[in-house]
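The following blocks contain the structures, represented as structure tokens.
Shared chain: chain A. Partners: chain B in the first complex, chain C in the second.
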Partner chain A sequence: MLTQLMLELFKICRSRSVHLSFITLIGFVGLMLWGFYSYAERKTGGQATEQFKYTYESKNYFNGLTFALYSVMFSFSLLIPIFVAMVAGAQIAGEARTGTLRMICVRPLSRVSIFLSKFLMVAFYTYLLMAFFIGLNLLAGLLFVGWGNLELYPGPLNLVDEPGKIMRDEALWRFVYASLSGTWALLVIAAIAMLFSVLFETPQMATVATIALYLMFYIIGRIEFFEHLRPYFFTTDMDFWRDVFKPSIPWQSFYHYGSICGAYIFGTLLLAITIFSRKDITS
Partner chain B sequence: MSDAVLETELLTKKYSRRVVVNQLSLKVERGDIFGFLGRNGAGKSTTIRMALGLVRPTSGRVRLLGHDMSKHPLRALARIGAIIEAPAFYDHFSGWRNLRMFAAMSGGAKTERIEAVLDIVGLRDRAHDPVRVYSHGMRQRLGIAQALLPAPEFVILDEPTDGLDPQGIHEMRLLIRRLRDELGLTIMLSSHLLFEVEQICNRIAIIDQGRLIYQGSIEELIAKTTTIKLTVDRIEEAYQLLSHNPKLSVSRNGDQSLYVIMADDQIPLVNALLVERGFRVMELSPQRETLEQVFLRLTQNPATTEAKN
Partner chain C sequence: MWAKALLAILFALMICSAFYFQPARKRSLLATKPSDGPRLRLMTWNVGYADLEDDTRAQTRDLRAVAEIIMTHDPDAIAIQELSGDEQLKILLGYLGGRYRGAVARPGNADRVEAVLVKDRAARFEDIRADGKFALGATFHLRPELPEIVLVSAHADAFSAARRRAYTGELVEWTEARPEGTIVFVAGDFNFEVAVKDESHLYTDDLKHDSEAYSYLLKYFRDLGRDAGDTAINDRRIDYIFGPPERVLLRRAEVLRGAAVGRMDHWPLLIEVAL
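Up next, the complex of A and B:
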């Protein structure tokens, strides 16, 4: 199993979609910075640099942690799931399409271990992606905006109902928690993509099906008209990861929804493994 | 105790209502160079995939190196090498890296072993080039190299010459002969190149529409029936006369000759019949069929087929 994990790590490190995901996230952070600066420039009549300098010195209202929070929150729902679906969706279907799956499956390896080693590597990639993205945002926030306490305001993030604050050191820990809880939430998507990767013969199909399913529930779940349906959507449960950025973490609800995500992950994986173990490799 | 390295018992595969392999019972003995023949879509690749555990049989059993593939597939797979259709690799990695990876999946291989199999297939000089720049023939040879990595007892080669040019086919034939002569491997070879199979294999199986229509030695198959070249006057009348005999299979080749497949004891009777009816028999000579001719005859005319186990 360890050898297989190393092989999967080697493959994932050389994967173009993995490189693309990291490059895109770097570009996204650059765009976010540009967006924040141009917004501030417009609002302050060309005094943005001074404003940020003030922020840096006073370390309040808006700072690098706030920037990182907004950047992570916005990208988490719509950008990172695409990369996770892309990499996970290619794991079985991609090897089936290129023919390497049949080469692997005639080796003395059980299909369960083949599948699990791939999923564990996808999980590792997902964590790396989250950790890298959060770290990059914090670094960009430190370098270009400056650190302070994490100020929370009611607004587009839909995180708090009234203004709140998390002290700087505690906030940094919250970002660490977010890298873990965010990874756990994203593993729901990874598991679904792995299931589709077993069911479909091309990685494109598996990726598109996963993203379509995710976006369908995500969008419907955000339409007020369908509010009563929201509790039944896995996308709603996935939102538990955001709780780490509330001034006081609601641990009970955090564990509850985290467990539901766990049930989604293990249930989907179990189904995928069962199908994969019985699947005819005809590619 | 049987020394079969591969044994299938009434192996059947159905996709919905379509029967791809139909109650196939094959036996590859240790030391065989076993040719597995059939037209496209006859069920060869599906049979090989079932033998290797890639495809689940609808019914029947596979025993590979003594292990029941439905119960202990990994024990058998650890001792075999295989290429199924076109060998596939990670194109952005070198041939060497690919071999390292496939070796690791089989429990690992020392550098010397990788060098040895690269020497066998003649790829040592190009081992560090990315596979994406390999020619089709080089990829096929790398496929055989990966099949040889775990020092297998039994090698299954499914269409190893598929898509190769004449030079590549020639090289592949020499390579397979080396595997037989120098490494003493048991080999199952699925191929469309009947001349190659006739040259290399000692036993064959022919399947058509998923059914076994012959299994045994090539010599036996070719000697089983005699094709007589018959040159007579009034050839059309002779054709009409003989083709009504259910014991004969008559075909025409050009205007002057008939080719009649019959048992040896029928030859004098046919001659007597023709003379009695006033035909002038100018030539009546036995023709040795090639494997290709027998194969075409068996697979084009199912009424003449027979199974032999």
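Up next, the complex of A and C:
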């Protein structure tokens, strides 16, 4: 099993889609930094205070932690899931397409071990991606925007219902928590992509099917007309990861939705393994 | 086989854990310590109609039912929005059988007006200019020996978040100029879209304007109806009663669902505080 894990790690490290994901995230941080920097300059330059009596957008508000929070929040829903789906979707279907799956399966190693080692490496990659992205944002925020406390207001990001503040050191810990809770939430997508990877013969099909399913639920869940459907979508439960950025973390709700995500992950993996174990591999 | 069994166990554990950690009900107002102080009961109600109607202002035919709701809950003062004018106020006061005094704000650039009804016969009313329109403030006493109370009836723009922000700014400025010792409440339909609905969304200018306006109010006031839930159709909480953060103790906050008459799209918000 350990050898298998090392082999999968080696494959992931050499995968171009993995390299692409890290490069894209670096580009995203660059764009965010540019936009944030110019916005902050404009908003603290006196324009907002001329028109309105009050603004919380001061020099204290715009700091590296605020930048990192916005950047992570914006990318989490629409950017990072694509990379996770891409890498996870290629795990089984990619081997099938290149003709190596049959060869791997004739080795004296159970299909379950093969599947689980691949999933563990996807989980490792997902954590690495989240940790790298959060770290990069914090570093960029520190170098180009500056440190401060994390101030939160009702409305933007929908995190609090009254103004709140997280002190700098505590906020840094919250980012560490976010790398873990974010990974757990993204593993739902990874598990679904692995299932599709077993079901479909090409990685493209597996990836597109996963992203389509994710976006369909994500979009429908955001339309007020269909609000009553929202509780049944895994995309709603995945949002639990953001709770770590609330001034007072609602642990009960955090564990509840985290457990639902866990049920999705393990349920989907069980289904995928069952199908994979019985699958007739002809390629 | 062991791996499948392990996954099945983990799956079952997660489901059990999800049930076990079912988020608890939010803190109950019933659990707070009773206060012996005198109770003040306030209500805010936008009695206008939904956008689908030709005339979205209050309808005279509904006023009898509005008066019945008011008399049933017996608030000390009521902030009303979207009356068509002074005529409707007189009719409403008539249905209330002389139990309340009231006034409407000047129309300004709008076709509808805010009103305040107060039980205190010595209440004073004052127009408050904000962003080209008028809110109305009523100054009254619950009992002669108690501090003066001000209730403002406000209605912020439904379509422009920037105007809501400007309106709120001027309103807060007016309340800040009240004499020290006065207990100020601001009630009305602010149309803020700042509700947390456990969802993420991207940043918009409108959202930020509402956020800044709401945060500005919270610098000086407490959102007394926060735990009472939605006040308008489509699950929106857009009617508020803001009160002093420390000088009053919230005893009750309730949205009177089912009180809407005809095609009204808001429900009244009722709060009770101990002074």
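Note that the second predicted complex is superposed on the first by the 262 of 283 C-alpha atoms of A that agree within 3 Å, B and C clash if a C-alpha of one lies under 4 Å from a C-alpha of the other, contacts with A are read in each partner's own complex, and residues count from 1 in each chain.
By definition in this document, contacts are C-beta pairs under 8 Å (C-beta built on N, C-alpha and C of every residue); 3 or more make two chains touch, one makes a residue touch a chain.
Since this is a predicted model, take the numbers as computed values, not measurements.
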item: First (chain B), second (chain C), both or neither touched by A:Glu162; value: second
item: Chain B versus chain C as contact partner of A:Tyr70, first or second or both or neither; value: second
item: Touched chain A residues, chain B compared with chain C; value: C
item: Which superposed partner A:Gly99 touches (first chain B, second chain C, both, neither); value: first
item: Contacts of A:Ser259 with chain B and chain C, given as first, second, both or neither; value: second
item: Partner chain(s) touched by A:Ser38 [first = chain B, second = chain C, both, neither]; value: neither
item: Partner chain in contact with A:Arg222 - chain B first, chain C second, else both or neither; value: second
item: Overlap of chain C and chain B interfaces on chain A (superposed complexes); value: 110
item: Chain A - residues contacting chain C, complex; value: 51-57, 70, 73-74, 76-77, 110, 112-113, 116, 153-163, 221-222, 224, 227, 230, 236, 239, 242, 250, 252-253, 255-257, 259-260, 262-263, 265-267, 269-270, 273-274
item: Chain A partner contacts - residues on chain B that touch it in the complex; value: 49, 52-56, 74-75, 77-78, 80, 82, 84-93, 101-102, 104-108, 146
item: Sites on chain A touched by chain B in the complex; value: 3-4, 6-7, 10-11, 14, 98-100, 102-110, 278, 280-282
item: Chain C - residues contacting chain A, complex; value: 3-4, 7-8, 10-11, 13-15, 17-18, 20-24, 162, 165-166, 169-170, 172-173, 193-203, 207-208, 210-212, 214-216, 218-219, 223, 226, 234-235
